[in-house]
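Next, two complexes with chain A in common: one pairs it with chain B, the other with chain C.
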Partner chain A sequence: MNEGVMAMNTKSRYAWAYVMIAPTLIGTLLFWSWPAVYSIYLGFLKSENFGLVNHWVGTQNYEKLFKDQEFWRNLRNTLFYMVLFVPLTLVCSTVLAVLLNAKIRGRSTYRVIYFLPQVTMPAAAAMVWVVLFAQDYGLVNYALGTHVSWLSDPRFAMYSLVIVGVWAAIGFNMLLILAGLQGIPRTLYEAAEIDGAVGFNKFRYITLPLLTPTLFFTTIVLMIGATQVFDSIYMLIGKTNVALPAVRSLVYAYYQNAFVYYDQNYGAAIVNILLLVNLVLTGVQFLFQKKWVVYD
Partner chain B sequence: MTSHTLSSKRTNLVIHAVLIAISAVMIIPFLWMILTSVKTPMEATQIPVKFFPSILKWNSYSEAFKQSSFQYYYFNTAFSAFMKTLFPIIFSSMAAYAFARIQFPGRSICFFLIISVMMVPNPVFYTPQYMMMNKLGLVNTVTALWIASLISPFATFLLRQFFLGISKELEEAAILDGCNPFQIFWHIMLPLVKSALVAIVIIQLLWSWNELQWPLIINSSPEKLTLSAGLATLVSKFGTNYPVLMAGAIMAVIPMIFLFFIFQRRFIEGVAFSAHKG
Partner chain C sequence: MLFRNKTITSVLSLSLVATLALAGCSSKNDKNGNEASKPADNGQASEKASEKPAKDVTISYTIWDKNQQPAMEAIAKEFTAQNPNIKVKVEVIPWGDYWTKMSAAAPAGTLPDVFWMHGGQFIKYATGGFLEPITDKVQSGIIDLNNYAANLGSIYTLDGQNYGIPKDFDTIGLAYNKELFDQAGVPYPDDTWDYNKLAEVAKKLSQPDKGIYGFAAKMDTQTGYWNDMLANGGHILSDDQTKSGYDEPASIEALKFRYQMTLDKSSPTHQQMTDTDSTDMFKSGKLAMIFEGSWRNGDIDSSEIIHGKWNWAPLPKGKVKRGNIINGLGNVMSAKGKNKDESSLFLQFLGSKRASEITAEMGAAIPAFNGTQDAWVKSKPDLNLQIFIDQVADAFPYPSGTKAYPVWFAKEPEIMSQAWGGAISVEDAAKKVADMMNQAIADNK
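Moving on, here comes the complex of A and B:
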């Protein structure tokens, strides 16, 4: 190929590249990047008349936020949800994945069953849990022989949310971990068996170390998801429930402030804190992923 | 030898017992949804709990349908899911190909700008997007449900990974034949990433079908709501009329569950695969 043709080619190739990325780039900048930047800006403003008049107030929204007992409680709730939800989902999913990784019959049937909640609309799933958790005529109390008000007793509401969250998340995370398990070479187990390793030892000394990268990735994804819990609180607990303060997450507080009380700036301040938390989590993931790639 | 097979048989039995017990926990909510939807409101709130209705009553379905605006919910949900699937597939694969194969000036910065929004939690976008929709006069319209999601940074990222994994030899021949990048992309590369495209179709469908918060924020009149936001209003309307609520919930989840049963393998592999590549 002669060089002139090559150069012309290159130029027209560039032009094609810009045409091909244009819709995604423009759409992203307009509808996603700009709103993200604007949200940070909103956190420093005080708006009146539905955003017609804006004053720059510096860090006032954040000062108010940090003095607000409710904010700290919401943050605590979010972290508490995360601390319960993430390990529980991780343990259940890992156990299931290990069991399903054995050569047993009906594997694909089990997979389909565990995956079912994943394709179910969270709003609809939450509705049936409301029925199951009902105090007087719910199946849960009937089965346990208890008379607990699962969704409106502040002592229990958080645990009920976690149960629903884990129920919905197991199938998907089990799949991720199963894929990780299938990446572990069989020869390692065979070698260990020759050395006399059995059952749990194989799990402890082969499976677990080699599964660590998968588990780490899964943990971070679960944590990021857990910091944004909203649907289940909205549908299971609801705005008039006395247990709401005991479970209200940052995202729920954002929703209330921005779209129920119409305080866009205070709402933005809340959600910008969430952004910070998520950036830290992503940063951690990025750093450690690099480390593992090197050691692999 | 015999004792070994015996013990492995016993282990298998224990494994199945655990797996079946958990399957029950997974399925019971669905069974209960169906059972409750065909009970009378009296039966649904009976003490002690009544498992099976004495006769199957189907009128909760028609009541849920009539008392709320299910025909609109279905249309709005399906239409936005369609828009949020078709366009991202086209735009993302085009962009992904360019990012993977053409060394144009500004490539890294453009790519970074696009994927950086993936780190931002969705609620961060909502207030500014709401203000934007307000300016465009799109609050409380079906358009507002999908317009921002015609592009997908996630799909772009995923497909780029895919294109990077394909050998360059095929293209080189086409370049010599004088094909332009779009022709190469369309005729040669796109067919090679079919499995990735299917995975993205499934994920986009699932996400947009099930999304709750944005429809709830941006739209309020019944004929502009989606199924999940519609269900939320059903709860406030019917309170403890459980059969009607369950009938509504079933009507909302049936299409996705139906698709899931037809394309089980593709669903499971698609979702697992995209999470891995992402």
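Moving on, here comes the complex of A and C:
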């Protein structure tokens, strides 16, 4: 009798656990996994009549893609953005996290300030940046004494995007790293001080190694995020901007092909390549993590 | 050890948040617009299809122009007064989202019962079998397409089948700010003007240091350089719609002429017009002249800044003729609606003289029904709206009507903006557009 109740209890507890995770699980499967799988399938089709008529065309979309100079330029743009964005964000977030981990006056205020971009609506933030970067009356040109068209000169537009991207990403990544910092035992620093370690050496030999698991995770998430850059291009550059070809990312090209030119299949081919790029990048990271990530 | 556990917990919980954020992000990118496939509330969920006409039904009528909503609702109200059992719900989806939503609704079978159709999109929906043909009614004489101006009925005909009833038409005019002309002591534009005169006066009226410009030489098609190209003897498409006309010397010359005005400071730059819509500049009194479509009349006149201080003139004459584009919207009905009999009655009413009269009196658009245009012209007596009717004779039909059109029309602005932004020459851009159009035509045969 007792055992029966126990079994019932365990069973119903499991059932409850599944009920509790169901919203997330179903959402993820339905809106994330399924579209990803379907995109792979779409990449081999030629769809007509709003997707009601589909012809299997094999690798035709990919053949067209690899011959398309625009595609290679978009891939280069995406990787270039990532190469600038990821290290800059990592360095800025780490420095800020270390500073805000120290016992300084009003550090909660600073933490809030640096986290604010994360909770600001991207569209609203983008509009402010458009004003800041404006050629004629923008604050950036005023401060630098220049007269540069930051968002529509193909030479500068990419850097402007990176600045906005880093600005928006610092807060959240700082928080991640701050969590990592707070997990480093005080006792290690005390022991090091007794052994005569000072200032930068404590950071170099204690903080940094023990922070590597957090940094590893942050890097992977940042890289994946960087390859998916879209909204800042959409908001800050726009489709009739002369600088668009110089900054267009793969996801932006996907959006244009799938939703503006009504060619979902070509669009799907583009995002499938992006998926592959991300798999390779993440795989390489995991391979090399042994070289620099310290797990105790 | 306690500390380590805390780290792991925080990193894990944060990574969960990050995963969710990423998931949200990816799903947004991968969903192929399924977001939009949420069936628009077409107001018939609770209504059962019924054979008996006395049964109460609500049908949906979807449009994209908010400015015309009051007129469309007035028409719906009058229709319901005549058919008390049929209610009509007018819904507005802005132009920017309209076709995305329709292209998701079409395969899902959730198109509105009756909705506005554009010539450029018609072929896709007609060939897909998403529109209910009205050929029977045309042949039996219930609907007479000869009632509508400028052969507009032909726009919504495919392979001998009729699908749409003309709703309205639009042409392009030259809007000018009387105050800026008066200040400079320059006579207002009239039908003697040619393009050289336009450029000359635009230069004279510009005061770039004050942010005031003579003309908006915008990078635009229907209300922009298409008119210039036609006036100069060029083409948008060849007459048989098989070849682009962008690379004809006359077209390139017209494009260069327009672009030159942005260099001469007779017009705001492309960047300025990207930041602020040029018609909004005109509405705030910063522009002396602009090409605009008849459909923007009510919108421009609603600006308190220039109300009473502006008027319309015909487009200037080109080297060869006076260019203009005429386009007509149509009303169509879904082939998969639940209340097709009632929808068909409403569609017929939308094509009636009475519906056109309401459209005209409320100043919504130039109505399609012959003989009702005068009421529209008189809807704003202080504005010279007659120029839109007079220019129909010079006007060239909007170059839609092929399967290739939606493809090349979407790609065109990206190439042309390279020229307007100064990255490539106008000539190179025109040739690139021509190649792109010819390719699109070949791909969509």
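Assume the second predicted complex is superposed on the first by the 244 of 296 C-alpha atoms of A that agree within 3 Å, B and C clash if a C-alpha of one lies under 4 Å from a C-alpha of the other, contacts with A are read in each partner's own complex, and residues count from 1 in each chain.
To be clear about the criterion, a contact is a pair of C-beta atoms (placed from the backbone, for glycine too) under 8 Å apart; a residue touches a chain by one contact, two chains touch by 3 or more.
Here the structure is a predicted model, which is why all the values come from computation and not from measurement.
Participant: Counting only touches as set out at the top, which of chain B and chain C does A:A17 meet: first, second, both, neither?
Facilitator: first
Participant: Is A:F230 touching anything from chain B or chain C once the two structures are fitted on A? First, second, both or neither.
Facilitator: A:F230 contacts both chain B and chain C.
Participant: Give one of first, second, both or neither to describe whether A:P213 is in contact with chain B, with chain C, with both, or with none.
Facilitator: A:P213 contacts chain C only, not chain B.
Participant: If you stack the two complexes on chain A, which partner ends up touching A:P154: first (chain B), second (chain C), both, or neither?
Facilitator: second
Participant: Does the superposition put A:L100 against chain B (first), chain C (second), both, or neither?
Facilitator: The answer is first: A:L100 touches chain B but not chain C.
Participant: Between chain B and chain C, whom does A:F259 touch in the aligned arrangement: first, second, both, or neither?
Facilitator: A:F259: touches chain B and chain C.
Participant: Check whether A:P245 is in contact with chain B, with chain C, with both or with neither, and answer first, second, both or neither.
Facilitator: second
Participant: When the two structures are overlaid on chain A, which partner does A:L144 contact: first (chain B), second (chain C), both, or neither?
Facilitator: Neither partner.
Participant: Under the stated touch criterion, name the partner, chain B or chain C, that contacts more residues in chain A.
Facilitator: B
Participant: Look at A:I184 in the shared chain and tell me whether it touches chain B only, chain C only, both, or neither; answer first, second, both or neither.
Facilitator: Touch partner of A:I184: chain C, not chain B.
Participant: State which residues of chain A lie in both footprints, the one left by chain B and the one left by chain C.
Facilitator: 24, 27-28, 31-32, 35-36, 38-39, 42, 51, 130, 134, 175-176, 179, 221, 224, 228, 230, 238, 251, 254-255, 258-259, 264, 271.
Participant: Touching chain A in the complex: which residues of chain C?
Facilitator: 3-4, 6-8, 10-11, 14-15, 18, 20, 22-23, 25-27, 29-34, 100, 103-104, 106-107, 124, 127-128, 219, 270-271, 274-275, 406-407, 410-411, 413-414, 417-418, 420-423
Participant: Per the contact definition, I'd like the list of chain A residues that touch chain B in the complex.
Facilitator: Residues of chain A touching chain B: 1, 9, 12-14, 16-21, 23-25, 27-29, 31-36, 38-39, 42, 51, 92, 95-96, 99-100, 102, 104, 106, 108, 110-125, 127-132, 134, 136-139, 142, 167, 170-172, 175-176, 178-179, 221, 224, 227-228, 230-231, 234-235, 238, 251, 254-255, 258-259, 264, 267-268, 271-272, 274-275, 278-279, 282.
Participant: Would you mind writing out the residues of chain A in touch with chain C in their complex?
Facilitator: 24, 27-28, 31-32, 35-36, 38-39, 42, 49-52, 130, 134-135, 149, 152, 154, 175-176, 179-180, 182-185, 213-214, 217, 221, 224-225, 228, 230, 238-245, 251, 254-255, 258-264, 271, 296
Participant: Quick one: which bits of chain B touch chain A in the complex? Just the residue numbers, please.
Facilitator: Against chain A, the touching part of chain B is residues 12, 15-16, 18-19, 22-23, 25-30, 32-33, 36, 44-49, 91-92, 94-95, 97-99, 102, 104-105, 107, 110, 113-114, 116-117, 119-132, 147-148, 150-153, 156, 175-176, 180-182, 185, 206, 209-210, 212-213, 216-217, 227-229, 231-232, 235, 242, 245-246, 248-250, 252-253, 256-257, 259-261, 264-265, 267-268, 271-272, 275-276.
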